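Labels for the chains are A, B, C, D, E and F, by order of writing; each one numbers its residues from 1.
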Amino acid sequence: MDELIDGALAEDLGHGDLTTQAVVPEGARARGTILQKGPGVLAGLDVARAVFERVDPDVSFSALVPEGEWRQPGPAVGVEGATASILAAERTAINFLGLLSGVATLTARYVAAVEGTGATILDTRKTVPGLRALQKAAVAAGGGSSHRAGLHDAILVKENHVRSAGGVAEAASRALAGAPDGVTVEVEVESLDELAAALDAGVGRVLLDNMGLGHLRMAVELARGRAQLEASGGITLETVRDVAETGVDFISVGALTHSAPALDLSLLLHPG
Amino acid sequence: MDELIDGALAEDLGHGDLTTQAVVPEGARARGTILQKGPGVLAGLDVARAVFERVDPDVSFSALVPEGEWRQPGPAVGVEGATASILAAERTAINFLGLLSGVATLTARYVAAVEGTGATILDTRKTVPGLRALQKAAVAAGGGSSHRAGLHDAILVKENHVRSAGGVAEAASRALAGAPDGVTVEVEVESLDELAAALDAGVGRVLLDNMGLGHLRMAVELARGRAQLEASGGITLETVRDVAETGVDFISVGALTHSAPALDLSLLLHPG
Amino acid sequence: MDELIDGALAEDLGHGDLTTQAVVPEGARARGTILQKGPGVLAGLDVARAVFERVDPDVSFSALVPEGEWRQPGPAVGVEGATASILAAERTAINFLGLLSGVATLTARYVAAVEGTGATILDTRKTVPGLRALQKAAVAAGGGSSHRAGLHDAILVKENHVRSAGGVAEAASRALAGAPDGVTVEVEVESLDELAAALDAGVGRVLLDNMGLGHLRMAVELARGRAQLEASGGITLETVRDVAETGVDFISVGALTHSAPALDLSLLLHPG
Amino acid sequence: MDELIDGALAEDLGHGDLTTQAVVPEGARARGTILQKGPGVLAGLDVARAVFERVDPDVSFSALVPEGEWRQPGPAVGVEGATASILAAERTAINFLGLLSGVATLTARYVAAVEGTGATILDTRKTVPGLRALQKAAVAAGGGSSHRAGLHDAILVKENHVRSAGGVAEAASRALAGAPDGVTVEVEVESLDELAAALDAGVGRVLLDNMGLGHLRMAVELARGRAQLEASGGITLETVRDVAETGVDFISVGALTHSAPALDLSLLLHPG
Amino acid sequence: MDELIDGALAEDLGHGDLTTQAVVPEGARARGTILQKGPGVLAGLDVARAVFERVDPDVSFSALVPEGEWRQPGPAVGVEGATASILAAERTAINFLGLLSGVATLTARYVAAVEGTGATILDTRKTVPGLRALQKAAVAAGGGSSHRAGLHDAILVKENHVRSAGGVAEAASRALAGAPDGVTVEVEVESLDELAAALDAGVGRVLLDNMGLGHLRMAVELARGRAQLEASGGITLETVRDVAETGVDFISVGALTHSAPALDLSLLLHPG
Amino acid sequence: MDELIDGALAEDLGHGDLTTQAVVPEGARARGTILQKGPGVLAGLDVARAVFERVDPDVSFSALVPEGEWRQPGPAVGVEGATASILAAERTAINFLGLLSGVATLTARYVAAVEGTGATILDTRKTVPGLRALQKAAVAAGGGSSHRAGLHDAILVKENHVRSAGGVAEAASRALAGAPDGVTVEVEVESLDELAAALDAGVGRVLLDNMGLGHLRMAVELARGRAQLEASGGITLETVRDVAETGVDFISVGALTHSAPALDLSLLLHPG
């Protein structure tokens, strides 16, 4: 994370903050508030704190509200220290905090939409390059769960693997045979025929790609007691509850990490 | 960029791609297509190509369409090589390409909305940490312009600097006095009073923060011939044309780089 | 109904099912499911069953869910028998079932919208030629009631009769005088003046054509204890509750039988 | 058609029109107008005329506007004759005319939406039982084309046939081998893999079921010059133009005949 | 108008402007701008000018833009004089100007919606008590026309007169007989029957109350060359063009004067 | 009020009601109902009654429902007397009643939207010239409260006063020093800096102009226990609850009195 923060600061600061050098009196100190301007869930406070610390360890940073809870707009963080330091860290800290809180906020909306159904909202590997671990922590702050960290910690046989192996049955068998101990094997299917083949191969978890509600419901009946089911593909806030009510165990949503709008935040220095 | 790509691949691949190892026959080769599934503008083809190269220099990568042009859904890139290599690079390449094409696509929508008005669409420093240079290139691919690279290459006196300096007039004077040769000085103002103060101080460019259309129009009349004007704050695709028609020179939009939804892309291996 | 089914099968099958003859192995048998793909109320299961029976009495047909209840998408019917028979009956059976379930579904939406108000939802004579009895049964499955079967079992004096008789008072008197024993007499009125005339003539039921909510409410007060009231004309799902809350006894809706979209159903043969 | 009309009249009239018997003076004559109350395309004028003729050959029926043209609301048909005859035929004639004009109107909206793209709008076998021929004529009046009359005049290998035959390649070969001379063979596919198999089998026309725009565009490139393509599945007025612009040859729309709302029509007797 | 202005000033000022007395330095002078904050048409500039004059004849008032033209937000009026006078007149002047410009703006939207159809937009007697003449001038500024000034300068036989007279024919005859020379006689009708009666009576202008598009079109055909037609009742910006295209001569809209939202205006004193 | 009513009647009646003179039989008497045609809150019944009395003291006027309560459409007032008198008073009475009920209805919607939050809905001085007292009574009927009657009964230091005084601190001090005993002093601020200045000056009530939700929430925390807060500026029915939930004490809404659509009312004479 240090490297990430240093890189982000370098992008923004380069050889120095010309404006502050010109305008802010030397030695000036200030107090400020990071204001949350839309409703949502904060995530990434530790990263924001680390950005300020990296710029100037003497800037104090106090979270005024906890991460992971839905809250209406209002003050989120208090900072105090050298004005020049606060202004140098401001944009980078808020870029992290806004992006990660955006992920947590969108996740929380999906989680709220399926409340009471038994379905779990999952993220995917469709993350922002360089930010996967932070985004997955933000998904957790929003109440979602992680699908897998990457290609290395779980097996998910997708359409392209199936095509390469020559069919679901063959791909599933190879995956089950080749999986290291303790590694989950999941197979993506496009139709109820492929679901039947995956179940027959003994797969314990199946991803149902882009199926309508009727097909999902029928898949749930077919799989009853034999495998866990995950729905994926084009599921929106408008449709996620209906999907959850078909009885699937998991719903994975790429948009959580590739298309969440940033939470609107800004830093206000206090008068006086 | 190499570092960025290596980091992204490391996140995804870790100690290896378990699924491909289990399912894909050794030595298998494939051809595939990256399919653009929604309308938009491609950006980041070079990054995607570099991801494949980094994984396996023997994978060929052919862009089927140019960057920077609005196109309907369809095939975007052809790849050919070892199946295992293609599948190892797939997600990381598409994560870059989808994010950057999303930025270019949103930019292109704003640029189209103001066509013929003389206003220029600008990005901001509200970028994804680590990706600023790539995102700014994507904004350019979408027809937008870069505001400034960071704190180091231009002066923008914002609300917090004004507060720290004790007023617009004072802040503007200090900025003009302290600016290195050849560096633009811009001052953000919240009201027509502050605009008058900035103009009187001789500032050549003023950012009008969060003003209504009436105030913007009046600002244009006040500033005529004395400074360039930039509108910013809460401007959406629905409102941007009205803003442009007030006569401002620039419109900056943070959402281009912090809230653009990813362009929907996927890789299909060819049958046979 | 037999005639209707035979006619529908003849339309579809003509001199035979060329595709099945060419593609499906002789003697092949299959199991299949009719899948309900949108939410709604099933109606017409007996007709669908009769279609399969007519094509091949050896095809079994098992309803998996009851008619007349609102349900989410999922399996609706199981069929089993000769593949060629199932495929020959499929489209005709689903054409009946989709149309009638569409009627029941739209009716159920109107009935739900007025729940607790005391108003009864009625169908009209605006039915699909040839399908009136089936559509009226579908309205009942959706919780609605039948207005009258046709011109022969109730008197409804409409605008054209009034014009022909020279006024509401005259038309109403003639209708009351000429009505066979036990036949209800209802008179359609366009204004409160006409309502007063109908009430004065002693009519027991009045249809209020195309009146606004204020007029309906005033009509209810005028008619109190003297006649039942029915509202009709341009009433939609958005407005039906407000109409019901004026206190009218009945609301008739032509769209139930002339403009209900079909319920989305399809038949899936099971793999293996 | 005579049988259909007689059946529809019997449903409505039963043993007689009680209202007219009671209210309309014997021997009364009237002129009336069938008024089109919403914008759209008339279809089924011949059927409506036949209904009046069947009730009373002395009623004159004059179409005031041509079939098959989009028109704003206004007078559509003039009738003149015995009042009792006009009122007896009214509802049945309008039930036919409203339903068929609704089909023509919805078709015309789809046809207008794809204007200039080269794509042809087709109906399906998802018709109202008993009314297929009339509905297909109404589709033609609206500018659409007929897919096939029924199972007997063309071969369309669908998902269930494929499943029964064990795969697209096998099903396609059998269909081509078994097709009578001059009968078109079309094969429905769910994926680009299946499209490749169908093209390899030499099929001249392929139905692309429920594919996204990106897949459709890629299918058009794959099939170039080898087969005609038809898109189907969930295509709405909002999406049909985008589908047409992918370059497919045909777009089939079940809703034309199973879910078109009736055109709003009513008969007004003239005063005096 | 003087009385009206004095009354409005008295409402607002009472025994004096406490705030200005306390805060504004005696003898202070200022320049200010009335800013139009939404798009629209200005009306009532003379009234606003008169308000300032009434408070202090030494305040100068310069309209920066003409009345009666659609314009985007921007400066509308310049004022200069004693600060206390400007602030005392501000609210009253803007209350007039906002209300009247709101009327002109809504009128202009209706007029634009029917452009090219030949229909004329009319106001009604549904005006704000005390402001009828000013509102009618504002309608004219927006491009509309005046129906009649009041009960005294034209005859319009409405539903209640018809009821009182015992029918349209009788009411129309009396109106034609009793009309002073040069006074237009118009009759409101609720149905095509009543239209026929009014035409037969020789009425030269008929108001068609609350009719659907089909009925309006038929009315136009019935009346051809015999009377001018005016449509009224529930016509909105969404529906007015369709109404105009039926061929009616006039469309009257009560909302122009009873429900137009005020145009958003505010006065800004200039800095310095 | 008498003057206002006389003026309004004079506008409408001028030298007499030509229509009634021509059409209504001398000496005719009638009963009628004022019908409320949309949902809402009645206000101004006394004014309407006074209009009828002014025209003819022998017309009886009976309110059928109370003012100040939300009600569905239905009969609102009964009148009885000389037909000519009723028709002469009709439009003027309804113009008052519709306008004032419109104000009460819009107020009631805002009040309902903030129910349970502790925030009070206020009107402003943005009233219809001549009708301020009546409009403020209508706001009260709708459940809102009055801000101040005019410039004379409370001090509100606005942006223009601040500019004239040279800053918030100075303007606030002058206002507090110059306020007569018992007169409230309120200061409008545009930013949190200005809020701090006003609080420091000892102002007891602050108007927060056009602030976002985050700023409002932060203002509530800053002001805690030191001053009452009022939010204003661009607050709509969609946003008012979120504003109320920030904890402000008052919300003022200009639209209540300058842009409320009239409540739809009409007078029906009874048949017979």
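Criterion: contacts are C-beta pairs under 8 Å (C-beta built on N, C-alpha and C of every residue); 3 or more make two chains touch, one makes a residue touch a chain.
Every value quoted in this text rests on a predicted model; they were computed, and no experiment measured them.
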item: Set of chains adjacent to chain A and to chain D; value: B, C
item: Pair of chains joined by more contacts [C-beta pairs], C-E or A-C; value: A-C
item: Most distant chain from chain E by Cα centroid; value: A
item: Identity of the chain that, by mean CA position, is farthest from chain D; value: F
item: Interchain centroid distance [CA atoms averaged], chain B/chain E, Å; value: 48
item: Cα-centroid distance, chain C relative to chain D, in whole angstrom; value: 21
item: For chain E, residues contacting two or more additional chains; value: 163, 193, 268, 271
item: Contact pairs between chains, per stated definition; value: A-B, A-C, A-D, A-F, B-D, B-E, B-F, C-D, C-E, C-F, D-E, E-F
item: Chain B-facing residues of chain D, complex; value: 192-193, 196-197, 212-218, 221, 242, 245-246
item: Residue numbers on chain D that touch chain E, as the complex places them; value: 33, 35-39, 72-75, 264, 266, 268, 270-272
item: Chain C to chain D touching residues, read off their complex; value: 4-5, 7-8, 11-25, 28, 30, 32, 83, 87-88, 90-92, 94-96, 98-99, 102, 125-133, 149-161, 163-165, 171, 174-175, 177-180, 183, 255, 258-259, 261-262, 267-269, 271
item: Touch list for chain A against partner chain D, complex; value: 163, 190-191, 193
